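Here subunit A shows up in two complexes: once beside subunit B, once beside subunit C.
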Partner chain A sequence: MEYAVKATGVCKDYGSFSLKSVDLEIPKGFVTGLIGSNGAGKSTIMKCLTGAVIKDSGTVEFDDGLELKEIGLVFDECPFPQYMKCEQLDGIFTRMFDGWDGEKYFAHLQQFGIDRKKKVKDLSRGMSMKLQVAVAFSHPTKLLILDEPTAGMDPASRDEFLDSLREYMQDEEHAILISSHITTDLEKIADYVSFMKNGQILVSSGKDELEESYGLLKTGGECPIDKELVICSRRSESNTVYLINDKAGVREAYPELVVDDATLEDIMVMFARGDY
Partner chain B sequence: MNALLYKDFVSIKFTLVVMLIMASLFSMWMGQGGPLSFFIGPAIASTVVGTSLNLDEKAGWLKFAVSSGTSRKTIIFNKLKLALVVTLIGILSGFVGVAISSIDTEISLELLDVLFVVIFGFTFGLFTSCVMIFACYKFDAGYSGLFAAIIIGACAGLMVGANDLLTGVLTDLTWMFPILSVIFACLGTVFFIAGMKVLNNKDL
Partner chain C sequence: MEIIISNSSGKPIYEQITDQIKGHILSGKLQAGDTLPSMRALAQDLKISVITTKRAYNDLEEEGFITTVARKGCFVSATEPSLLRENNLKTAEEHLQKAVDLAKQSGISLEEVQDIVKILYEGE
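Coming up: the complex of A and B.
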């Protein structure tokens, strides 16, 4: 498999928080989703990939020929000059990016319903995310790095945005790394998923394999299966939920038990809040 | 004009216009006082550079620029270019102020004196801007207004104090300007290099 970017053993220590030897591969032709709670390290690893954060150790390798200028970026906060009008950004990016397409940019502004005369600071959160998307889509890119791009967008806009990503992925040379709390978005778009917690990647796998292998077992009493099959558990007043990673195996070995399918959200919540 | 300078000039055009008007008015007011008028504009240049750094930090622009392949070196050199241009504009507005104020007075400045003062104003403007660049990257660009007040206040205090001290001792102070120019150029270079080191190691 060819990778757009491959990070190996990336460490970054902030004192109160650290990335601990993160390995992350973003394969060409696929969408990789990054899931984790707030403060898990998703934004930090994304910034380590682009060099905005200086890593303490580890390596980040880009595919031959991939330059930073060819990465489309969407950050969790709009980074464009706040006192400039949306139409004035065209003047910056014409000078900044080779192959910047002003017509395409203005078409995207219109498509997303962004008033070109409005100043960046006057845009709502959802609109400022769309503005970043419009910029990312208006110059030639091979990789999109999107940090919570759908945050603040209404469901219709999110759907439209996901369609744009699907269209972008028609080119097999393209790749996307996307983080989102809205796991249903990732269920729709991601091919690979990595779960992060406390600066570490807990699991990286194909989304379909994850959904096929992970399951939830709910019981009222003691753990009824071999504890080695359990990844983590979460106890509530009425029952205990176990996250297991060999759903088919457990169903076969314990036919009397009911093992539910686990969604990405279930898996994320269990990883984030479960006991190990 | 490159992308970064274009962004800066569009973002700070309001501050820049206010600065030009202020520099001209101060120069008109101080024009009768002679050479001091020529470096009011350069002194204000650090405020403009500080405003630009503050806007960059507030928006998170550096993170975007670096992630899009603009090197940190390019970013800081562009701030220096901005400082250069603004300082030149400041000196020009100083000239305008002095020219206007000298219409109905009989002030006449020697060409060599003016040249010395302009060179001094230029190095002084770059020095204050380099201190501002360093302070904003090292600490927090949100305090750029405070940094500007400290920088300009300290420099003005030093110069007025030196002027008071030396006036009684020496008859002609003009020769001091080339010496001060060299000192400020060296100090400015030191602060610029320090600012570059800070930015190179800064997480955005």
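Coming up: the complex of A and C.
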């Protein structure tokens, strides 16, 4: 498989928080979703990829022919000058990006319902995310790195945004790395997912494989199945929920047990809050 | 090409796609030589992963229903009717196997099952 970006053993120590030898591969032609709780390290690794944060060690390799300026970025905080009007940004980016398409930019502003006369600081959170998306879509890119791009967007806007990402992915030279707390967005858009916790990648896998393999076993009493298959568990007063591998195998071997499908959200919550 | 994906059917999505495309070929809605949408276009349209459509197309290709021509796209193969019949016979057998397993578990007799099959078949 060809990679747009490949990070190997990336470390970054902030004292109170550190990235611990993160390996992350973003395959060309696919959407990779990054999932994890607040403070898991998603934004930090994204910034390490682009050089916005200087890593302590490890390597970040770009695909031949992918240049930094060909990466479209959306970060959780809008980085544009706060006191400028949206339409004035056109003048800045014309000078910044080769191939900046002003017409496209204004078309996106209109499509997203952003008032071009408004100042950046006066946009709501959802609107300022859309503004960043409009900028990312208005210069030639091969990779989009999107940190919580759907934060603050209403469901219809999110759906429209995901459609525009699907459109972007019609070119198989393109790739996307996207993080979101709205895991259903990732369920809809991601081809691959990586779970992060405490500055580490716990699991990276094809989304379909993950959904086919992971399940939630709900039972009282002792763990009734091979412990090798159990990833983690959460106990409550009335029962215990286990996050398990190979749910099809378990269902066949123990038809009497309750084994539910696990959504990305279920998996994330179990990873974040389960006992190992 | 009409494809309807159900999220509650319990059947994997790639299988829903292969089954429905096979259905279209069997029923003659898709003819030999017809172009199928590209894997990326179908993924976009159905709002699913490219990996899923790729898996579906790979399976269809392996079973001889479609052929992929590099840089041109995917086409419906000239399939032999006997191949299609065999394929459906296999699927029918799988379904009947499930029915028989269930019948055995619940103490339903062979005669009862045969009666049901007869009624269903003739009722069509």
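Note that the second predicted complex is superposed on the first by the 276 of 276 C-alpha atoms of A that agree within 3 Å, B and C clash if a C-alpha of one lies under 4 Å from a C-alpha of the other, contacts with A are read in each partner's own complex, and residues count from 1 in each chain.
Convention: a residue touches a chain if its C-beta (ideal position, glycine included) is under 8 Å from a C-beta of that chain, and two chains touch if they have at least 3 such contacts.
Source: prediction; values computed, not measured.
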Superposition on subunit A - do subunit B and subunit C clash or fit: fit
Partner chain in contact with A:30 - subunit B first, subunit C second, else both or neither: second
Which of subunit B and subunit C A:54 touches, first, second, both or neither: first
Partner chain in contact with A:11 - subunit B first, subunit C second, else both or neither: neither
Subunit A: partner with more touched residues, subunit B or subunit C: B
Contacts of A:88 with subunit B and subunit C, given as first, second, both or neither: first
Partner chain(s) touched by A:182 [first = subunit B, second = subunit C, both, neither]: neither
Which superposed partner A:269 touches (first subunit B, second subunit C, both, neither): neither
Which of subunit B and subunit C A:206 touches, first, second, both or neither: second
Which of subunit B and subunit C A:169 touches, first, second, both or neither: second
Touched partner set for A:151, first subunit B, second subunit C, both or neither: neither
Smallest separation in angstrom, by C-alpha atoms, between subunit B and subunit C in the superposition: 28
Touching residues on subunit B, where the partner in the complex is subunit A: 1-3, 6-7, 10-11, 55-56, 58-64, 66-70, 201-204
Subunit C partner contacts - residues on subunit A that touch it in the complex: 29-31, 162, 166-167, 169-170, 172, 188, 190-191, 206-208, 212
Subunit A residues within the subunit B interface of the complex: 47, 50-54, 67-69, 71, 73, 75, 77-84, 88, 91-97, 120, 145
Residues of subunit C touching subunit A in the complex: 12-14, 40-41, 43-44, 47, 49-52, 55
